[in-house]
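For reference, chains read A, B, C, D, E, F, G and H in written order, and residue numbers begin at 1 within each chain.
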Amino acid sequence: MEIAGIRDMLQAVQNGSMAIDAAMEQLRHLPYEDLGYAKIDHHRAMRTGFPEVIYCEGKTIAQIQGILTAMMGRGNRNILGTRAALEVYEAVRGMAPDVVYHELARVIVFHRQPIEIHTNGYICVATGGTADLPVAEEAAITAETLGNRVERLYDVGVAGIHRLLSNLDTLCGANVVIAVAGMEGALASVVAGLVERPVLAVPTSVGYGANFGGLSALLTMLNSCASGVSVLNIDNGFGAGFQAATINRLTAKEP
Amino acid sequence: MEIAGIRDMLQAVQNGSMAIDAAMEQLRHLPYEDLGYAKIDHHRAMRTGFPEVIYCEGKTIAQIQGILTAMMGRGNRNILGTRAALEVYEAVRGMAPDVVYHELARVIVFHRQPIEIHTNGYICVATGGTADLPVAEEAAITAETLGNRVERLYDVGVAGIHRLLSNLDTLCGANVVIAVAGMEGALASVVAGLVERPVLAVPTSVGYGANFGGLSALLTMLNSCASGVSVLNIDNGFGAGFQAATINRLTAKEP
Amino acid sequence: MEIAGIRDMLQAVQNGSMAIDAAMEQLRHLPYEDLGYAKIDHHRAMRTGFPEVIYCEGKTIAQIQGILTAMMGRGNRNILGTRAALEVYEAVRGMAPDVVYHELARVIVFHRQPIEIHTNGYICVATGGTADLPVAEEAAITAETLGNRVERLYDVGVAGIHRLLSNLDTLCGANVVIAVAGMEGALASVVAGLVERPVLAVPTSVGYGANFGGLSALLTMLNSCASGVSVLNIDNGFGAGFQAATINRLTAKEP
Amino acid sequence: MEIAGIRDMLQAVQNGSMAIDAAMEQLRHLPYEDLGYAKIDHHRAMRTGFPEVIYCEGKTIAQIQGILTAMMGRGNRNILGTRAALEVYEAVRGMAPDVVYHELARVIVFHRQPIEIHTNGYICVATGGTADLPVAEEAAITAETLGNRVERLYDVGVAGIHRLLSNLDTLCGANVVIAVAGMEGALASVVAGLVERPVLAVPTSVGYGANFGGLSALLTMLNSCASGVSVLNIDNGFGAGFQAATINRLTAKEP
Amino acid sequence: MEIAGIRDMLQAVQNGSMAIDAAMEQLRHLPYEDLGYAKIDHHRAMRTGFPEVIYCEGKTIAQIQGILTAMMGRGNRNILGTRAALEVYEAVRGMAPDVVYHELARVIVFHRQPIEIHTNGYICVATGGTADLPVAEEAAITAETLGNRVERLYDVGVAGIHRLLSNLDTLCGANVVIAVAGMEGALASVVAGLVERPVLAVPTSVGYGANFGGLSALLTMLNSCASGVSVLNIDNGFGAGFQAATINRLTAKEP
Amino acid sequence: MEIAGIRDMLQAVQNGSMAIDAAMEQLRHLPYEDLGYAKIDHHRAMRTGFPEVIYCEGKTIAQIQGILTAMMGRGNRNILGTRAALEVYEAVRGMAPDVVYHELARVIVFHRQPIEIHTNGYICVATGGTADLPVAEEAAITAETLGNRVERLYDVGVAGIHRLLSNLDTLCGANVVIAVAGMEGALASVVAGLVERPVLAVPTSVGYGANFGGLSALLTMLNSCASGVSVLNIDNGFGAGFQAATINRLTAKEP
Amino acid sequence: MEIAGIRDMLQAVQNGSMAIDAAMEQLRHLPYEDLGYAKIDHHRAMRTGFPEVIYCEGKTIAQIQGILTAMMGRGNRNILGTRAALEVYEAVRGMAPDVVYHELARVIVFHRQPIEIHTNGYICVATGGTADLPVAEEAAITAETLGNRVERLYDVGVAGIHRLLSNLDTLCGANVVIAVAGMEGALASVVAGLVERPVLAVPTSVGYGANFGGLSALLTMLNSCASGVSVLNIDNGFGAGFQAATINRLTAKEP
Amino acid sequence: MEIAGIRDMLQAVQNGSMAIDAAMEQLRHLPYEDLGYAKIDHHRAMRTGFPEVIYCEGKTIAQIQGILTAMMGRGNRNILGTRAALEVYEAVRGMAPDVVYHELARVIVFHRQPIEIHTNGYICVATGGTADLPVAEEAAITAETLGNRVERLYDVGVAGIHRLLSNLDTLCGANVVIAVAGMEGALASVVAGLVERPVLAVPTSVGYGANFGGLSALLTMLNSCASGVSVLNIDNGFGAGFQAATINRLTAKEP
């Protein structure tokens, strides 16, 4: 509830152009759309210029379809569906003309307008291993759909440090680096020691035994002795892509 | 074992209307019915006026049928079956004329007498997201079956605080609020800061990674900096509905 | 921010009795007092009729004194200081005429008006052992200061169940029962099986070894097989007293 | 390696009836039979008079069959197969004339000689709920197969304490009590407060959410404030039955 | 509350030798003594012939003195004070003529009658290392005060297995073995593989790092692959001594 | 080791202006200074224009003094000492003319050149409560010393949401928001739902019981349902200030 | 990136035999081969003489085939595929003439040159039980494929210590011992107390309940009171085989 | 109990040079010396040629002195006292002529014969930071006292990877590398990717917050994606030094 919006409403009430009950009604209905099982917040996407987002896990297909219909009825923003199983894609692919499913990343993109790149720089997504690709791709596609250029640098884990060191140009040239790693998750620390830009660390659940479902990599990243690292939830590629886009947007402040 | 009950029995023994062995027998057999694998406590439901309850998980279908038969042989209270898979419903639907299965909530209700509402106020069930609905519905249906009016307020999580703020009337008018949330579970604290009535917080296992099966929301709710919050087990919608009904019954003390 | 309050303000703006900037200012400054390091919310205490509360742990003595001064400058509500070490009491005892320190409970009460009892019923505070008394007393004194009658039932742990059973009158007669227990924390389940009123379970850190600082009792209480139990944080006597008072206030709804 | 056995061997060596190499060989091969993937210890069963035992989980069917063949080639002790899935039973049922499968307990018993009861007293197996029966039955059948009389007392959890109290005769008359409970696991403490005999507490994984796979009941039992309780691993019915038998055998010391 | 006791009381009521109110009063006051902060259960000690026990940790010195006074006013049983710091001993040493403080074990014994040994066998207390002695001594002194002969076998940890093997006579001759070990806690499994009597395993908090305050040894003992092991809480020497005495008493059943 | 630096060195080797052994020596000694117990990396501070930083915890005073001497011998950058106890400050205050100790934040700043602000925007540091101030101040002073303007917004926790909502101007106007909160740590989610800029969440160890030393707030923040949140280690105010400065520097890319 | 390699390159640059850009290119491309989703490090295998290794879990079959093709295009080293499901084997078996699948160990070996044994001594792989065989075989086959002689000693857990003691010759004669055990994992400590060579401890996830997926055995091994033990991840047979081979290679230093 | 030793004894018994009871006595008393509270194993030190070792933590000063006296009465091996506080050193410094206390490492060395170096190679001890020095020095001094040459490489953590890379000669030239690191503990993985020798990883408790007392570094090291790493307990410098010496001794197999 942006304070400016309240001020506008107060002015409308003061100058008589809006009744009090209407203002009360406004407060209740304007900023989102109520489907009963979901309350869709069109407001945020409108302000940021970012696409609308649906986190599909834990929702029934009928609920997802309902939310999509509501979103498509409001403007023509692109829509990003994350954690979407194949059957979700199959149930919604017919709902718009240009729908792309990124299977590895489990992401559906409803392209309803061209994606515009507003920044000069790029976001670099690096992984420790090959098995981290699904999370990395979720991050990369999210960042791309939110209007960023992305460079991928996969399988550059610290056990063979030369693979990382021989790609310093790509790494150091980025505005933001997303470091995705499972097992011991040491990639983030090493990367943060090499670059001078913000590093977003994404632990993955890749590994077994004492990785405890990603806890190992998570703790590694939280305890990084390198400065300039902040951490996302385990396997949260979307969150990393979104935060990277939010940071990168700062470089394009005055359009 | 209500002290009053013992006193009655002692009086019966004293005035000779009950033999000692009969009293011993009473103590052993009166308050419950022994099926070998289960000892059904009709007593409690009788005293509280609440329905009989069967927690179905971990019981075989034959055991559930046996317990139902025993319950139906004693009076005509309604019966609530919780954590009931579809196959349980299918195995018992023929055992009574009016059996309703709430699939999302995994609850079976055996309607054997009309549900009466004894209180003026209502219980509000709020959720952080759409994926919390199964737990919320378990709470709501439990509270309704125990004789309460319920208002639902779904998908009002703290990430879009205006969705919650524009429903303050519903929230603040309730006698008890049940706040159901997964992921970070912050809903309970925000709600408890807004209302002046008891808040029952139900963490859900919704989420992934560092939510550790609901631990994250559980700890959030236990550590709430807002006063007036007490917490149920992860995903324990039934417990929340029952506790809310127990609290709300206080408002109807002198019938 | 109560919706009613917004409506009143909107009306004042509409009928010209309040300028827009004043309304904006209201929104910003009315509901609390800003000390820089603390923002005191007089609002809530005003609405509920409950005393003001200061959680002293982690605050410097100068900060506590500053908050007290601000609170005493606003009306004459009683003030409750919780988690207050002896040196805190000694630093503030001269700030008001009638200040009582409950050492076992680590609670300071600034009596500035007589405590009124608005309800017929009482709250029962029970403990498993003698070592649980500090937490139980924090609960009891909180509930008393918030205007409730309290009955204490200490050292009635489940290892000697007859101690509990021979006090069923006190237990079953209460509007709310607070069950305080450390070690295995089984008291709450047994109590909830005996009474028909809401039970608030408070795990304590009493014990050693595999009690893991209270985790053992906490998990026991969360997993209670008895209905009608909700749980507070480990050692959170204040929270239990406050929630019990909030529930008990429901019985005095129409004054 | 019993010291007496070494002494016998030393005497045989001293008096020339055993060569040194034979003694070395003895040490290496006598006390067990080596199948490569398993080394079967016939020794222990011989000394204790208990049946041979196979823990089936994690073994292939071929391995189980091999171990059974080796066991049956040595004397005619009864054989107990625990954690045996139905397909294990089906694969071995033809290997002996009198093989019984206890499906709930997942236990196979190869009856090759009559079970003799050597003690006067009995072991009582009690459970908190109906869902604890598989673990309880594993304990009961183990104890019975090891030559004990067993009394079952099922579904006497603490939430309805009168169900337990009205069975005090059975409970207090036992030589050893096995208390099996999931969820909050409070049964063991209450039982140990009532009886004067050793209580073996078996936490089960029954429950959900913050029971964390049985951790809740385990911690409860370890932290029991009642004396006379020792604890088994989660769901370890076999271990409880065996330990109870070992304890009960003490009552039959001088046959 | 023994069922026999209730029967006696019922007979007294029936034959008129006891009034109903007196019976009610009995139920309430007979089995324990109420000090407000503590409810002393003289009953149990009376039935078992064991001494009275005070767990001193978490009690104030005044509370301990009050409990002692009450206990000494009832018969002349010995009294055992566990987890007693030196200052507790100094505060109570003058309260009886023959008071002994076992500093290493932190145990106070009030000798008020000679300790009688009722069994032929002995209890063996073994430790993995020297640092486990405080817990072992708590177990040993408890068992001795409860009327048992105890053999100590200290510093026989598995890292030098010959130290254990050369003491097999002592180990195998015991009725019950208490295995006390910190760090990896493997002693219990090895001992249980060697003896044919019940083994009580006591994990200690001895160690550092990944011992997590005794969790390591606790898990080791719970997961023992040897049969005949049950486990006590971390550092719970008293509990082990008490359970061993309870088991050993079975050998002296018919006095 | 910046790839550009290697290229420069390769060119010097190729054109003969640098001998191979000198290049090898370079590689070994140039980028840091070796004190034996510490290897100081002047390189990074040089490239970023940020001050030198010493993490004081776990270092002896002599080590800290040695590191300071080495740093002061190289140029005149400002120096930041974090996690510095009062005695550290007292031991080093004489080593430079302008040394300031921020006691609450435990930070020492050696001012050796004026701090320049290179960006237009500001960083907002918000806390849930008063007890979070030490961590918040560590973040704020770090960010200020690294050349940023900082706005403080303290004690705006979610239990009194109006305190936060009435400061939306300050919150929404920032380039980066640092949300510092203990207990349930819900502040970060609510803030991230309100602002459109990157939020850095810092869990604190403030609280007790089931906060498990900050774990509760940490999990809350990692599981935030709001997008645009990344998380620092518990109590890591420095890391948040540094990451915020790194992000904010992006807005001043072309100087 | 071996320092010698850099020196060689520097010399080539200095004497003009290599252009700077070529050197830069070298640094970037020489040590590994980039497949996009994987960067294969042929370098390490070349230096150590060990086979190439593919960890198959988490990789798609297409990715594994791509990596294999790349590896087979470079020299004729043997290739080891670990954590390979049967379908992986079936997808790659046709890619080389001599491919062996060890089903129990889930290991594929591509024999492309004879395995040579370079050391005199052998590695002993011991297990606590039969269910530990899959992990033990992964270790054994890894060590064999890396050129070592292996002796297997299976099912010698500490619950029947004589099975271990009667195999002391095999155990004490090894250069390195790998101790594989689940449940309580005590094998490593006992073995390390008996042998004078390095012991590599591998906890397995074998067990149930409070083994918490192998945590129990892991903690046991980390806390071993015996010297000469270091620990691998839970179920990490490959890691143990590799480390054992690395240690054993020290005995063959001067070929 | 070495099998060879048993054979010798058997021969002595066979040829009549040893009586059976003497052999029994041998078995019981020869391999260690019994002080009651400790059983000293001179045997192991004798066989390995390593010094005697006393772990001082948890032992009283009188116990340590008693053990030292017993050790000094048997031959003239050097003696290593680990985890020795300053007061332990002060209590024992007079017990031998040449006693050195390494305060940082908390190690006492009783030099009773010159330390001989039997191997050509050296052990490299590397740390991530300065605060890891106490653990690293415990490892280094242990390895030196056990007859090894040690190279120290301190403060080469991964956040400034060039500090490590410019010391590759020292690192790669070692027979064994001990990698000591706290916080995220990534050093071990990076080192193991660079060297071809066994790496022993020692997590330290250095750090705060989510390092959970060293758990973070421990999990990192256990989950290392680099081969050739095995792990010690948190802060276990002694264990690492001992294991490194055991491994390095393999290089000197034929003296």
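Keep this in mind: a contact is a pair of C-beta atoms (placed from the backbone, for glycine too) under 8 Å apart; a residue touches a chain by one contact, two chains touch by 3 or more.
Computed from a predicted structure; not experimentally measured.
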>> Which chains sit in contact with both members of the pair chain C and chain G?
In response: A, D, E, F
> Under the touch criterion given at the top, what is the topological distance in steps from chain E to chain F?
Replying inline: 2
>> With centres defined by CA atoms only, which chain is the most remote from chain D?
In response: F
>> From the C-alpha centres, identify the chain that is farthest from chain B.
In response: H
>> Report the inter-centroid distance (CA atoms only) between chain D and chain F in whole Å.
In response: 59
>> As a quick test, compute the distance in whole Å between the mean CA positions of chain E and chain H.
In response: 38
>> Give me the residue numbers in chain F that touch at least two other chains, ranges are fine.
In response: 1, 3, 27, 44, 129, 160-161, 165, 193-194, 209-212, 215, 218, 222-224, 227, 233-234
>> For this structure, enumerate the chain pairs that meet the touch criterion.
In response: A-B, A-C, A-F, A-G, A-H, B-C, B-D, B-E, B-F, C-D, C-E, C-F, D-E, D-G, D-H, E-G, E-H, F-G, F-H, G-H
> How about chain B: which of its residues touch chain E in the complex?
Replying inline: 3, 6-7, 10-11, 13-14, 16, 20, 23-24, 27
> Which residues of chain G touch chain E in the complex?
Replying inline: 128-129, 157-161, 165, 183-186, 189-190, 192-194, 207, 209-212, 215-217, 219-227
> Which residues of chain H touch chain F in the complex?
Replying inline: 129-131, 133, 154-156, 160-163, 165-167, 206, 208-211
>> Quick check on the complex: what are the chain E residues that touch chain D?
In response: 1-3, 44, 47-48, 53, 165, 168-169, 172, 175, 193-194, 196-198, 200, 218, 222-224, 227-234, 238-240, 242-243, 246-248, 250-251, 253
>> Show me the residue ranges of chain H that touch chain E in the complex, using the header's touch definition.
In response: 1, 27-29, 31-32, 36-39, 41, 43-44, 57-59, 63, 203, 205, 213-215, 218, 233-236
